[in-house]
Every structure is written in structure tokens, then in C-alpha cells.
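Order of writing sets the labels: A, B and C. Residues in every chain begin at 1.
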Amino acid sequence: MATGSLATTTTEKRRRKRSSGIPVFVPLLFLLPAILLLIAFRYIPAFSAVYHSFTDWTGTNNAAFVGLAQYQTLLADPVFWTSLRNVLLYTFGRTVLTTVMAFLAAELVYNLRNRQSQWLWRVTFTLPMVIPGTVVLLIWRQIYAARLGLLNESLRALGLEQWAQPWLGQTNTALLAIIMIGFPLVSGFSFLVISSALMELSSEINEASLLDGCSPLRRIFAIDIPSIIGPSVLVIILGINAGLQEFAPMLIITSGGPANATQTPGLYLYQIAFTYGKFGYATAIGTVLMILTLGFSYFILRARYRGATDVEVQ
Amino acid sequence: MSKSNSLPAASAVRARRRSRGWHRDWPLNLALLALALLTYLPFAMMLQQSFKDNRQYFTSFWLPTFPLHFENYTKAFPIIYNTVINTVIYAIPTLLLVLTISGLAGFAFARYNFRGKDFLFMAMLLLIMLPGILLVIPMFVQIVDIGWTNTLQAMVLPWAAVQIPFGMYLMRTFFETLPREYFEAARIDGASESQLFLRIALPLALPAFSTLGILTLLFTWNDIIWPLIVLLDTTRYPISIGVLSFSNSQSTNYGVTFAGYVLASLPLIVIFSFTVRRFMAGLQGGYR
Amino acid sequence: MRKRMQLLIGTMVILAMVLSACAVPVAAPATGDAAAAPAASDAAAGAKQTLTVFLQCYYDPNVEADTAAVAEELVAEYETLHPDVDIQLVPNLPAGQDVETYLTARMAATESPDIMWQQFNTRNQRGDTWWVPLNDIFEMPNPYIEAGQPGSERWADSFQDYVLNQTRAADSNWYQASLDWVETGYYYNKEIFAAAGVDPANWNSWGDFVADMTKIKETQKVDALGAFVKQQGWSNWWWADDIFLTVAWADAAPDLYMEKYNDSSRPWRQMTPEEIAKAIIDGKLTATDPRMDDYLRMSKEFISILPADYNGIASLDDLDVPFFSGALASIWTGTWKNKLYTAQIPFDYGITYLPPFTTEDAAGAQNTAYRVGGPSSCGQYGIAKSAADAGKLDLATDFLMFIAAPQNFERLAVSYGGYIPMVKGADAGEVMANFTDISALPERLMSDPPDRLGPENGDAWSQAMQAFFLGQTDEAQTKEVLQKLWMDGAMKQCADQQYDWCPAQ
């Protein structure tokens, strides 16, 4: 790889303090493989999808241009609006739940005095990441079954018969049930990121605060939470992003029902494209979904990114 | 991660912590145990279902039954073996591409400032937000136009492209935590930019690479839709489809299916246990 | 250490670049041959013409190895007859909706198997954009059927009339040869029924049936009937929906038929999609009709005997858990379950069916029940348009006729044992044992929701009924919603098919 080095620095061009003589093509050269691959397999298909949202594509026909007709249909489609409401609720509930549970478990681990058991628990909660998502969904489908489902049977065994419900069969519980799949949601990336961040807090701060007579609860709010806000942003962005696109749990468990109570734009898109063969309409839904996700993420990322770099190149 | 020069009082606390570790921790351990039991429920169910025949599966869904049907594993093994080999064939080039390209891109974003950097970074990062299912058909039409259906690169390149935006983000945040002094000292010593990357950044980034590697591996192990569409030849199907081969829309052999899932998870568990230390270290640092 | 790292990374970069630069197909001699074959077929005498064939559950080596072996035998026999042909069987796909995804992608890329299975309603929806119309082919002689047997001079003669009638698309074409059939019945736990003092032999009307099922539910503390309503795609509630609509409209049937489909030998038959659309547009079939009160009432009675989460059950298989465990007294399912139930059910079970519907149950009832039997099975094969475009239509037709010959198809169907062969002269085997009475019943007037006015309209119908069951809409509102669905669906079908009777747009 051809590069410039400090030896060839041209001092007269050094306008800014941290500026160096590294030519601009160096970082671009580093970026080139990524740019090429992403253009070929992300940007081109994405633009193709957006383009087809202005056509009546069925996947096989010669798509005819229909202008904004698909978007007009979309605005008038009550199922789309229901699905949008559902996915916002789902994403909010799921992200909050995941983050809170991950933080809770991370705190429990962090407050252990024994280092070995800290390590052991972190490994314990990491390992289930290898369980295929489909297995988890198939098992949870049975957990919620009204008859012989683990949840209802447990409630009956505890004498809470009146709490037993057809969880997936009613509009007021189905979405909640989908949100709670995988409870306690500790195993996974969120827990690991937050717990790693806590582990990084120097133990001196923790111990000094204890010596100062600072209660653990106060320490959590005064020290722990502020220090994990950064990593939490990542977890939250990824959560929002995954949540807004979610369709697998609904596809496997409820098909979006009952009566669209768990319908999401991602699932709706999938059904419209692959079951009804209306790719033009499906790509219009996809485009709206994409704009929505991009909007959310953009604002959070804007807030997070302030450059921290070594050198300026010209 | 703790520094060596500590307060005397704190070291006293630490001494006490070591000595009284276990018995003080029990309420916390108990709470964690409860979380772990719930977390491991699907895992335990997968394991116990894998020893059942259909009659046992339907008559006693939640509890283990006897006799154990070990033959489920012998039935599942040939298909799982073949499809795992296929998956490895797709996963290794994918991993190499993801790690290399994300590493290079992450390094460029972390250590240089150049015009359009923020725009370029955002433009790449926002790709994480694309609804994947939306791109499946356009991407497939593209693959067909190039004539790549049923080929290795039709699996590898799109898979890599899916993982790279996140990988690049991960690597950027990791490289940003490396002290600037390392690089400045090397520059003064006359190291070229590629040497900075290869000699300093890469060795230090091994933990981050192992994190990205594991996450990519999990992805290649679980993706169903893309291989189903792009591979015409069923003998090339990966493990994600292999585990479903014991069912069709009329009947399912549940015991064999779950045995397949267990077998499919084994390679991951082995790889995981060897890399768990690095994997976790890779999550340290960064992300703020 | 650093040296080694550098080497490693260097190798990685080079590897990656090689990989991304050149196209490296995974080694596969078989497909290589296949790709080369068409080009070389004229030149070399030894070159073979290839045909890819997807037989669904009749070729699934991992799940049904015995039947797959039979399929391979048949292919070997065919290749002996035609040494210049190479038949490649494509294994069945894993469970789930993925077959549509798989097929959509392949059709977009003209890579579909040449002879392909698809559920007949979705197939008919795609019509001639994906499939070759078989109308003319059905008129040709099938050389594999013994001379003198039905079909030897005109292939269509080897199929039952009602099968041909039920598989007709909205444009009145046939896009598939339906070689087999599924029949349905109520598989019930004799122990639970006896404990409740219920004997299906005593059912003389729908009212009796509902009363007894309610009794089972209340006295035995179990769920009475295994059925569920799904908002998208298949659920066995569709069967109930067909029957209730049929019962409610039975007396009006002659008025709903179109002359061109009438067959004097069969005064009662299922309505075609075109007839449904026309009856709706003519105002003869309206959801606001008083008959629909009977339909809605029977639907409500039906769901009252189902498990509490009938609206949220994902698949019929899930109901096998309570059924096998004795927490569900009966289950409405089809012949494809015979093998599993015969071998695995831990109690004594019987097969029964709905009793006749009387005028007390619904004003239009004709004092009979209706069979749900239909072509939703493994033997529904069409020829992909891409195969015809590639010049393989004759070969595909010939092989399809070979598989459809009774002596050949019978072997597949009997080996699989889950479906009833519908080719005249083919023996059904044991699968029919408990179904003789049921299969003697008249067919339904109304087909499944997606077969009436297309899959999208059918799913919307399911959702409207779910909303009704959940109490989101009352009777009057539901009837209005259903009427709007019917009218919109019929108008859309008119726009798509351009029938000559359609109102001017």
C-alpha cells in the first residue's frame, strides 16, 4: 500500500495545529474496499427498491411507472397505520425492557465481591447467544399456549387461576406477549456491553464511594448510570433499529394477528411481497420504514458523534 | 483494568472483599441464578426435546421422558454435518472479508480527519438501518444478472456487506480508544501509514476482532432467507436450512429437529468457549 | 509476533481481494452439466435434455425416505424409456411459508423448477405470469395410460369432474394437474367422549353437535375441538367458514351458477371464482342478506367450542400437544395426519364428521353436511412458463403425463399414505379406510376464502371475522365489512380478468 509518511511533510501547508502531510488518499484507500462492497450490495439494491416503489412491479413483470400511486395507497391503508402504531409500541417496550434488564443484571454482577463469580456469571449470560433465534421463538410459542402452556400452568399451580389468559389470542395481550419473548432478556449483546462498561469503572471510585459512606443505591445513580450512558446509546440505537424492522417473531408466532394486533410494517412488507406478489407496494412500505428508521437513528447518532482524531489530512 | 497505584484505604477494602467474597454475595447470586434459570429455559427445552420421539413430544411437552431416543442424533448427524461444512465454506471468507474491510474502514475513520468524513461515516452507518428483507429481491435480481446464482461469492459478498457497517462502527470505536501517543511515536520513527495499521493497530485490536468475528459467525449460522433464495442446489444449503430438513408442511420429526439444533449449536459453543475471554475484552473500552 | 501478524493480515487481504475479484463457483459437476446441456444438445448425440421436477412431499429424502425412493425408481424407469433425458428431482423445502419466497425469487430469475408444486390458490393468482395454461394439454392423449382406460385418448378424462371444477383459475384456465386430494375428519379421543357420555352416532343436526361439544367442554374440563383462526394464511377454520357459507346459501345455489360452467350430470357443484365474482356484482350474493345471520351465528357457535386462544394458535401441529395429552377432546384435521396418529396416539381414537345441517340450524340448509376434501395436497403440479420459454414444454408435458398415469402415481400416493390419489384407476390404499362416508358427502358450494377472490381478499376476510369473534364489530357492522370485501374483491377480479359481463369501468 503506497502511503505518505511524516518524512515528506510539507510544513508550509500546515494550517491547523494537528495537520500533517498525509495525503487524502490514504484514508480513502483504507475505505475503498468497504465503499465498493457497500455500493454493490447495499446501495444499488436500496436504490433499486426505492425506484420500484414508484412502479407496479410484481417481481416478474416489466414494471410500469405509476408515480406516487403506491404511496397514496399506503396513506389510505388502515393496516399500515395499525402496523406503524404496533411497531412503535413494540420498539419502545422492547428497547426499554432490554436496556433495563441488561442494566439490572449488569449491576448484580458488578456488585459481586468475588471476582471469579463475576466472571462466571458473565460467561453464563453470554453462552445462550448461540441458541438459534428460531428455537427460542418455537419454545415461547408453547410457553404462551392457553392450554398446557408453561405460563398459564404455572399461574394455575400458584393458585392464580384468574390471571391465566389466552395470551396470544386477545388483542390486548398479544403485542405485550411478543414484547416479553425471551424474558428476562439478559443474555445478549446489551448485557455484555453495559456490564463491560461497568467493569471498566475503576474499582477505586466504587470503593472510595463506599468508604465515604455512600449508599450503593446512591452510587448507582451518581456514578454507574452516568458512566454507562455512552454504551447505552449504542445498545438503544441497535435496539430501535432492530425493533422497527422486526418481523420474525410475529411471522412465526402470530402472523400479525389477531385482527392485526401484532402486525408490523416489516411483516406486512414481507406478506405483501411474497404472498400477494405486490413488490411495488412492498417497496413503498419498505421505503417509508427505511426513512423512519434513518430519521430516528440520525438524530441519536448526531448527538453522539463528535470527532476524536489524531491528524488532519488535506 | 485497575491501576496499580491505589489508595491505601481502597486496598484494605479489596483485601476484605477477597476474604469475604462468597458469603456476602449470596443474595446477588440468588437473584442471578433466577435470571439464569429463565434464560436457560429454551436451552434446556431444546436439549430435552432432542431425546424424544413424536409421541413423547406431544404427550409430555415440558418434562423429560424415558426412554431417551439417542438415535435422533444419529439421524440428524449426516445432514447437520454436511450443512455445517457448507456453512463453514461460506463463513470463513465472509469472516475474513468482514474483519479486514471493517478493520481498514474503522481505522480510517478513527485516526484520520478528512473532508467529507462525517458524511461518509454516516452514509455507511445508516446502512445498518436498511430493512434487510426489502433488499432481498433487488439483490437477487442483481445476482442473477451477473450470473452468480448458486456460487460461493453470491453468499459471501452480500453477507459481508450486511455485517460491514456494524463492523466498521465497532472497529472505529475500538481504535478511538487507543492512545494517540502510540501512533505519533511510530510516525516520528518513520513508520508508514500502512505500517501503523498493520503493526500497531491490528495487534491491539485482536479482542475487538474476536467480538466482531463471533457476531458475524452467529449471523452466518442463523440467516435463512438469503441462502434459500440464492442457492438453487439444495446440497449446498447451510446449517440454518439444514436444521429444518426434518420437517415439511405435512409432518415434522420434532426430536430429530431439536437434536439437529443441538448439533448445530455445538461448533458455536466450542468456538465460543475458546474465545470468550477475548470476546469480552473486545467489548471493553469503546462505545461511548 | 508482529511479523507473524503482518503475514497473517497480508494473507487475509490478498485472500479477500482474490475472492471479491473473481467468480469462484463452488464445485458442482451436476449443475455444470445441466448448464452445458441445452447448448450442446443439437451437436452431440449423447447430450441429455434436463428437466427439473419438484414433487413436494413425494420427494423429501430427509422426512419420507421410502416415498423418495419410489420417486427415484419412477425417474429411473422414465429415463430408461427416454435415454436422452435427465430428470433431476428437487428435494422438498423445509416447513413454513418459505416456499412462496423461494418460488418468487426463482420466478424473478427464471430459475424455477420446470415442473413445480404450488398451492392451487396462489398458483391461480399468479396465473399465466408464472405458469403454462394446461387447457390444450388436457385435451391431448396421455400415452402412459393403458389404451381404453380414461385418459388414454383425452388426458382430462382421467381426472374427476369435481377436481377439474375446483382447480379452475379465475380466468377459467387450468394451471395445474391435480393428482391427489386431501379429505378431512374429526379425529376424537374415544375415552373423553365416553366419559362425557357423548356418542357421535347420535348427532342429527349441527345443533346436536354444538350441544354435545359444549357438554364435553363443561363436564370434562377440556377443550372440545381443535381448530384455530389465523389472520393470514391457512387455518382449519377456513373449512368451517366454507361450510357455514355453503349451508346458509345452499338453497340459492342454482341461481348463483353461471350457465357456461353448468354440467347436467352434476346439479350441485362448487362455485368457480368467476361465478362468485358475478354473483356478487349482480347482487345475488350479498353479505347483508339475512342468510348471513345464520352464517355469523354458526361461526360464533363454532368458536365457542374451540380452545381459548383459537385466535392466536400458530399451526395445527401445536394442537397435537393438548390432543395427545388428553386436554383436547377432538381435532379437525386431514388425511395427512393418518400415519402419525395411527402410530403414535396413546389412546383409542375414532374419526367422525359433522352431522347434517337442518332448517333449524339455518333457513337455507338442505339437510346434509359437506365434505371439505380438496386439492390442497402434494400432487398439484404445474409447468413453469420459464420451462416453456426454454423449449422444454414437450418434455415437461410428457413427464407430467408419465407421473400422472394411474399405475405410476398410485405408487407414490400409497407409499406416502397421506393423500387420496385422484387419477381414475389409481388405488387409494389404506388412507381411505375411515373416510368412505365422508367422501360420499356433497362438495362445498363455497371454496376456501383465498380461493374465492384471491389470497389477499381471503386474508382480509379472516381478519374481519377475527374482529367479529373478538367483539370489535357487531353483526350489523361485520356484515357491512364483509359486503365491502366481497364487492371490492369482485370488482378487482373483474378489472384483472376483463370478463365480458363485467360492468363498464
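Heads up, the rule we're going with is that contacts are C-beta pairs under 8 Å (C-beta built on N, C-alpha and C of every residue); 3 or more make two chains touch, one makes a residue touch a chain.
Not measured: the values here are computed from a predicted model.
Enquirer: Touching both chain B and chain C, which chains are there?
Expert: Intersection of chain B and chain C contact lists gives A.
Enquirer: With centres defined by CA atoms only, which chain is the most remote from chain A?
Expert: Between chain A and every other chain, the largest centroid distance is to C.
Enquirer: If you count the contact pairs for each chain pair, which pair has the most?
Expert: Top-ranked chain pair by contact count is A-B.
Enquirer: On a C-alpha centroid basis, what's the spacing between chain B and chain C, in Å?
Expert: Centre separation, chain B to chain C: 39 Å.
Enquirer: Suppose each chain is reduced to the average of its Cα coordinates; what separation in Å results between chain A and chain C?
Expert: Going by mean C-alpha positions, chain A sits 38 Å from chain C.
Enquirer: At what distance in angstrom does the C-alpha mean of chain B lie from that of chain A?
Expert: Centre-to-centre distance between chain A and chain B: 15 Å.
Enquirer: Pull out every residue in chain C that's touching 2 or more other chains.
Expert: In chain C, 16, 20, 101, 104, 108, 321, 325 touch at least two other chains.
Enquirer: Note the residues in chain B that touch 2 or more other chains, in rising order.
Expert: Those would be 61, 97, 100-101, 137, 141, 157.
Enquirer: Hunt down the residues of chain A that sit against at least two other chains at once, touch-wise.
Expert: 33, 37, 59, 142, 148, 273
Enquirer: Tell me, which parts of chain B touch chain A in their complex?
Expert: 1-3, 6-7, 9-10, 13-14, 17-18, 20-22, 24-25, 28-29, 31-32, 35-36, 38-43, 45-46, 61-62, 97, 100-102, 104-105, 107-115, 117-118, 120-122, 124-135, 137-139, 141-142, 157-158, 160-162, 164-165, 168, 173, 176, 180, 183-184, 187-188, 190-194, 197, 215, 218, 221-222, 240, 243, 258, 261, 264-265, 268-269, 272, 276, 279-280, 283-288
Enquirer: Note which residues of chain A are touching chain C in the complex, please.
Expert: Touch residues, chain A against chain C: 33, 36-37, 58-61, 141-142, 144-148, 166-171, 174, 251-260, 263, 271, 273-277.
Enquirer: So in the complex, the part of chain B that touches chain C is made up of which residues?
Expert: The contact residues of chain B facing chain C are 53-55, 58-61, 79, 89, 93, 96-97, 99-101, 136-137, 140-141, 144, 146-153, 156-157, 198-199, 202-203, 224-225, 228-230, 232-236, 241, 244-253.
Enquirer: Which bits of chain C are touching chain A when the two form their complex?
Expert: Touch list, chain C to chain A: 16-17, 20, 97, 100-101, 104, 107-108, 122, 125-126, 129-130, 223, 229-233, 307-314, 318, 321-322, 325, 327-328, 455-456, 459, 463, 466-467, 470, 472.
Enquirer: Which of the residues in chain C come into contact with chain B in the complex?
Expert: 1-2, 5-6, 9-10, 12-13, 15-16, 19-20, 23-26, 28, 30-31, 56-57, 60, 62-63, 90-96, 98-99, 101-102, 104-106, 108-109, 111, 317, 320-321, 323-325, 336, 339-340, 343-346, 378, 418
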